[in-house]
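Each structure below appears as structure tokens.
In the two assemblies presented below, chain A is common to both, partnered first by chain B and then by chain C.
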Partner chain A sequence: MTEVIAQSHMRHWRQDVRLIALMLGGALVTVYILAPFCWLLLSSFMHEQDALSVPPHWIPKNPTLSNYLSFFNPSETRAVVGSRAIEQTLPGMLNSFIAAVGTAVVNLVLGTLAGYSLARFKFRGRGALLGIYLGSRMLPGIALIVPLYLTIKAFGLLDHLVALIATYVTFTLPFTIWLLKNYFQAIPRSLEEAALIDGCTWLQMMVKVLLPTALPGLIAAAMFAFMTAWNDYLFAVILTSTTASKTMPVVVAGFATDVTTERTLMATSGVLAIIPPLVLAFLFQRLIVQGLTSGAVKD
Partner chain B sequence: MTVLSGIKVKGRERRRGAGQVGYDRPRFALLLNAPAMIAIFLLAGYPIVYSAVISLHKYNLKRPRVFDFVGLGNYLELLESPEFWSALWITVEYTLLVVSLVVVLGIGIALLLNRHFPGRGIVRTLILVPWAIPPVVNGMMWQWIYDSKVGALNGLLKSLHIITEYRGWLSEPTSALLALVFADVWNMVPLAVIILLAALQRIPGELYDAGRVDGASSFQLFRYVTFPWLAQALLLVLILQTMSAIRSFDVIYVLTAGGPGTATTTLTWKTYLTTFDSLDFGLGNAYAYMVSIITLGLALIYFRILYRRGDFET
Partner chain C sequence: MASVDIREVRKAYGPAQVLHGVSIDISDGEFVSLVGPSGCGKSTLLRMIAGLESVTGGEIHIGRRVINDMPPKDRDIAMVFQNYALYPHMTVADNMAFSLKLKRAPRAEIERRVTGAAEILGLRPLLDRFPRQLSGGQRQRVAMGRAIVRDPQVFLFDEPLSNLDAKLRVQMRTEIKELHQRLRTTTVYVTHDQIEAMTMADKIVVMHDGIVEQTGRPLDLYDRPANLFVAGFIGSPAMNFLQGKVTVNGSASFVTESGVTLPLNDAPAAADGRPAVYGIRPEHFVIDRQIGLPAEVIVVEPTGSETQVFAKIGGQEIVSVFHDRMNLNPGDIIPLAPDPRRAHLFDAGSGERL
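Let's look at the complex of A and B:
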């Protein structure tokens, strides 16, 4: 009897230890993930002299919003240091936003058409198309940048957001097509057939039946396109030159490579650049996971 | 109208048991692909050919009038220059380090997050944070952390008495490469975790129960149950990470700019320097082509493996 009790005690004790070890691991991972980001975030609320203190003050002594406010009022107090980048931050946010949303929208339209045909039709050249889409996903951007630059220059579209959007669409479309193809394939055909038999045209069927059903896939595709466009630096730095089209990563890189910049302002611009993708990531967490793993894991 | 009737026919075909719908709609299918194909041909297909043409010419923006055909001259020049081999070697080092660290950390974190413990949901959400951060911002953030005079890393290590004096992490070849690798890994790990975790969640629990009944050790369970189920996802992580490591540009630009010296000058960075710093478009495009060939070659190998395993579906 006592032996049995001792054994069950032993088992409980073991389970507790295991649970504590797991939680410890979880805490460790959390610190790894959050610590660098938190330091950036905290710096953005610091006064410059506090941020430059040795040893560092981990928690801002008297937190301030002045870094954030100076972006709205670039001509004011701190115009001497990093002023160019300050002026460019808000237009940069706006440009990034337009480029990213534009990329997402065009992606959805073109991606839906191509993805649908690949999901539903068997035709000559289907394999070749799939190969081209897959292959163009593999091309490194750096390999295309010179001819792209020359082409866009020839069109007179340097420093125009249109050129950026067109470029981003080209680079995100293959992934969008694959993603949507997989989504459409998972939707039963009977749904479409019923709508067509009820007298819908193909377009009506798409808009009223198929697309609403595939909504999670569409959102996921739009989000990935948005993020790729938002994150891009290589194309943006080559194809843009003024606030007419400079995007946020270019502005942030300008801060980071400028030694005269105030570090707290630099950190703040970084935080601003992170907000939109972070909000999207949290909002659509489950869709991201689904999207990233579609095609990765077989059903 | 023809479109509509075509699709209705398809439906009937299927009921007959053909299984394939739209056999007779090749034109419509191609039409649907036309916009995407035009975009891709115009802004990816044409440039890649154009790039090949430039790489066969002597073309330097410092002397823009000269555009002389030199055949494979640029490639020969490249293969004979020690700079190319140095950049290739650094790319290999960098890629191997990033990929292996991402895989090890990715598997570790995914296995952890696959177990039940309080707070797991929160960690699963937070793992998205590094993923959402643009590479440029990531580079800037780590530059701030690595700073030799006021950086948080120096401050932390000194207060823990691991180092006695502040160091310039980015000014010494080995530590600069490692610092770069670490920054990139931090940015990339979440993607691996998400993919691997999704694969882990699909392993039927009965397999582990059966294994335990047969007296398998934890290692054996991992080797014979977990690993085979993970293999496909792992391969995908390998592909994605290798490609992204070879292409790494933003983080290098912000963090090290290829330095100190050429300690972090990868092929991609060398391509950028040759093209936009030396303005040697001919040689730059030859570099760019080498990067493409290496990337596509690796991609082909990976896809062959996937295909052989029967994992690759169209």
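Let's look at the complex of A and C:
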């Protein structure tokens, strides 16, 4: 009897230790991921001397918004030391945004059509096609850089956002198609059939029933495409050269080699670069998690 | 409302023939049930009526029109799916109003019909909910509501109750029947549950391997099955079958393979000496010391309202059902007598009724 109790104590104790270890581990990983970002965020509120002080410290001495203001409202002094950062950040963000939204939109349109066909129709070469899509994900982008550069040059599209969007679509679409194919497959066919019987044409069925039902999948696909384009450095650095198409990662990387750029301005542009995807993530996360499909059928 | 005529309809998926020429006449306002074992082609036929599957051969008429190649949206039918297929992003009210909105019916009309249907089905308090906020039975009702607001020519049901628990199934069975009595809309109802078919339908179509085995009113199928398949499919527990030979000289009788002689009221003269199958339903046995055959009790299963007795006659196992409480034990010998007026005879080769 006492032995049993002792054993159960032992088990509880083991569980507690396990829980504490897990929580500690989680906390460590969180710090590891968030620390650089916190540094960035805090630096963006510092004065330059503050940021350069030795030893470095985390908390700004006299927090200031001047770094943010100078991006939207450049002042005389800043024009000298941080001119490149200030000139290029906002156009860079705009370029990034256009490229990312463009990539997401093209992915959605083509991915929906292809994904639907692959999910619903059996045709010759379907399996091969899916295999090729999957295989293309195995190809590292760096292997294609030179032919890609030459191709785009031949089209006269260097330093053009269209070239960037086309490139990003090439690399994201196969995955999007797979994602949406799987999503459509999980939606029962009877839902479409019910819509057809209720009086829909095929197009009405897609727009009024299937796509709204697939909304979480569509959002996930769009986010994936958006983020891939937003984060890309490799292709952007090769294919762009001026503010006509330079994207944010290229602009930010440029600061590191620029002797006149202030640290605090770099940090601020970093924070600005994070805002759009962050906003999108918060906006759509709820929709994705909500699980719109539940309740359609008896499961 | 309309009649539905199915004439020599065939269906093939590539080389695989699924329906081999099915003909069914459904008159205006009739409730017809398609029954048969899994894979016999019930759903396929229903989906062909709905326009969800192409017709390989034959003709389907709704009213006077041949609708073989008409898209589903123009057929003026409503279908209730086994998995309900509710639109998950719409409220109950919007689910029901969907078809009317597509037809651009006036707002007031939509409102009136949706509330009317909701009233009939007890969905009034649920109109603003989403399908995910409903129980299985409520979802089933919404699926029916979506069908009735349309006031279609024909209702099609594909095993609408098979996802419900036993109690709810019985309740919904009655509700659907009531609904049909009220609306009198031509209905085709697919089920593999023969009790559902028996209780609800005006007419039952028994299908098997892509052909129609028999069509008729529920009790006609029960009392005069056309062949062994129907005899075995309709009725629960199933009819007992005993192999043997018919003798017609003098008074007709049936001798089983093990030599037991069973009584027959009469038999066609042509059947004399033919190998045949003797069919007798479990409830058509009596315990009678005078004419009973010795039967050894194997298992006794009381269900409360009746008692099922499994016993052996001449080495062959049979099941009988009695409405009295029986005080029997395994191993007892009881005098069991089949009622000769209720016996069925089938040809052993073709399975057809003799």
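The rule is simple: the second predicted complex is superposed on the first by the 242 of 299 C-alpha atoms of A that agree within 3 Å, B and C clash if a C-alpha of one lies under 4 Å from a C-alpha of the other, contacts with A are read in each partner's own complex, and residues count from 1 in each chain.
Here is the rule we go by: contacts are C-beta pairs under 8 Å (C-beta built on N, C-alpha and C of every residue); 3 or more make two chains touch, one makes a residue touch a chain.
Predicted model, so just to flag it, every value in this text is computed and none were measured.
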| item | value |
| --- | --- |
| Which superposed partner A:Val162 touches (first chain B, second chain C, both, neither) | neither |
| Which of chain B and chain C A:Ile238 touches, first, second, both or neither | first |
| First (chain B), second (chain C), both or neither touched by A:Phe121 | first |
| Contacts of A:Thr201 with chain B and chain C, given as first, second, both or neither | both |
| Which partner, chain B or chain C, touches more chain A residues | B |
| First (chain B), second (chain C), both or neither touched by A:Thr213 | second |
| First, second, both or neither for A:Leu191, with chain B first and chain C second | second |
| First, second, both or neither for A:Leu129, with chain B first and chain C second | first |
| Touching partner for A:Leu280 - first (chain B), second (chain C), both, neither | first |
| Contacts on chain A seen with chain B and repeated with chain C across the two complexes | 193, 196-197, 201, 292-293, 295-298 |
| For the chain C and chain A complex, residues of the former touching the latter | 50-52, 71-73, 75, 77-79, 81-89, 98-99, 102-103, 130-134, 136, 139, 146, 150, 163 |
| Chain A residues touching chain C - in the complex, by the definition given at the top | 188, 190-191, 193-201, 204, 208-209, 212-213, 215, 291-298 |
| Complex interface listing, chain A residues touching chain B | 19, 22-23, 25-27, 29-30, 32-34, 36-37, 39-40, 43, 51-56, 109-111, 113-114, 116-118, 120-127, 129-130, 132-136, 138-148, 150-151, 166-167, 169-171, 173-174, 177, 189, 192-193, 196-197, 201-202, 227, 230-231, 233-234, 238, 248-249, 252-253, 255-257, 263, 266-267, 270, 273-274, 277-278, 280-282, 285, 288-289, 292-293, 295-298 |
| Complex interface listing, chain B residues touching chain A | 3-4, 7-8, 11, 14, 20-23, 25-26, 28-30, 32-33, 35-37, 39-40, 42-48, 50-51, 54, 109, 112-113, 115-120, 122-123, 125-137, 139-145, 149-150, 152, 155-156, 158-159, 166, 186, 190-191, 194-195, 198-199, 202, 232-233, 236, 243, 246-247, 249-250, 253-254, 257, 268, 271-272, 275-276, 281, 284-285, 288-289, 291-292, 295-296, 299, 303, 311, 313-314 |
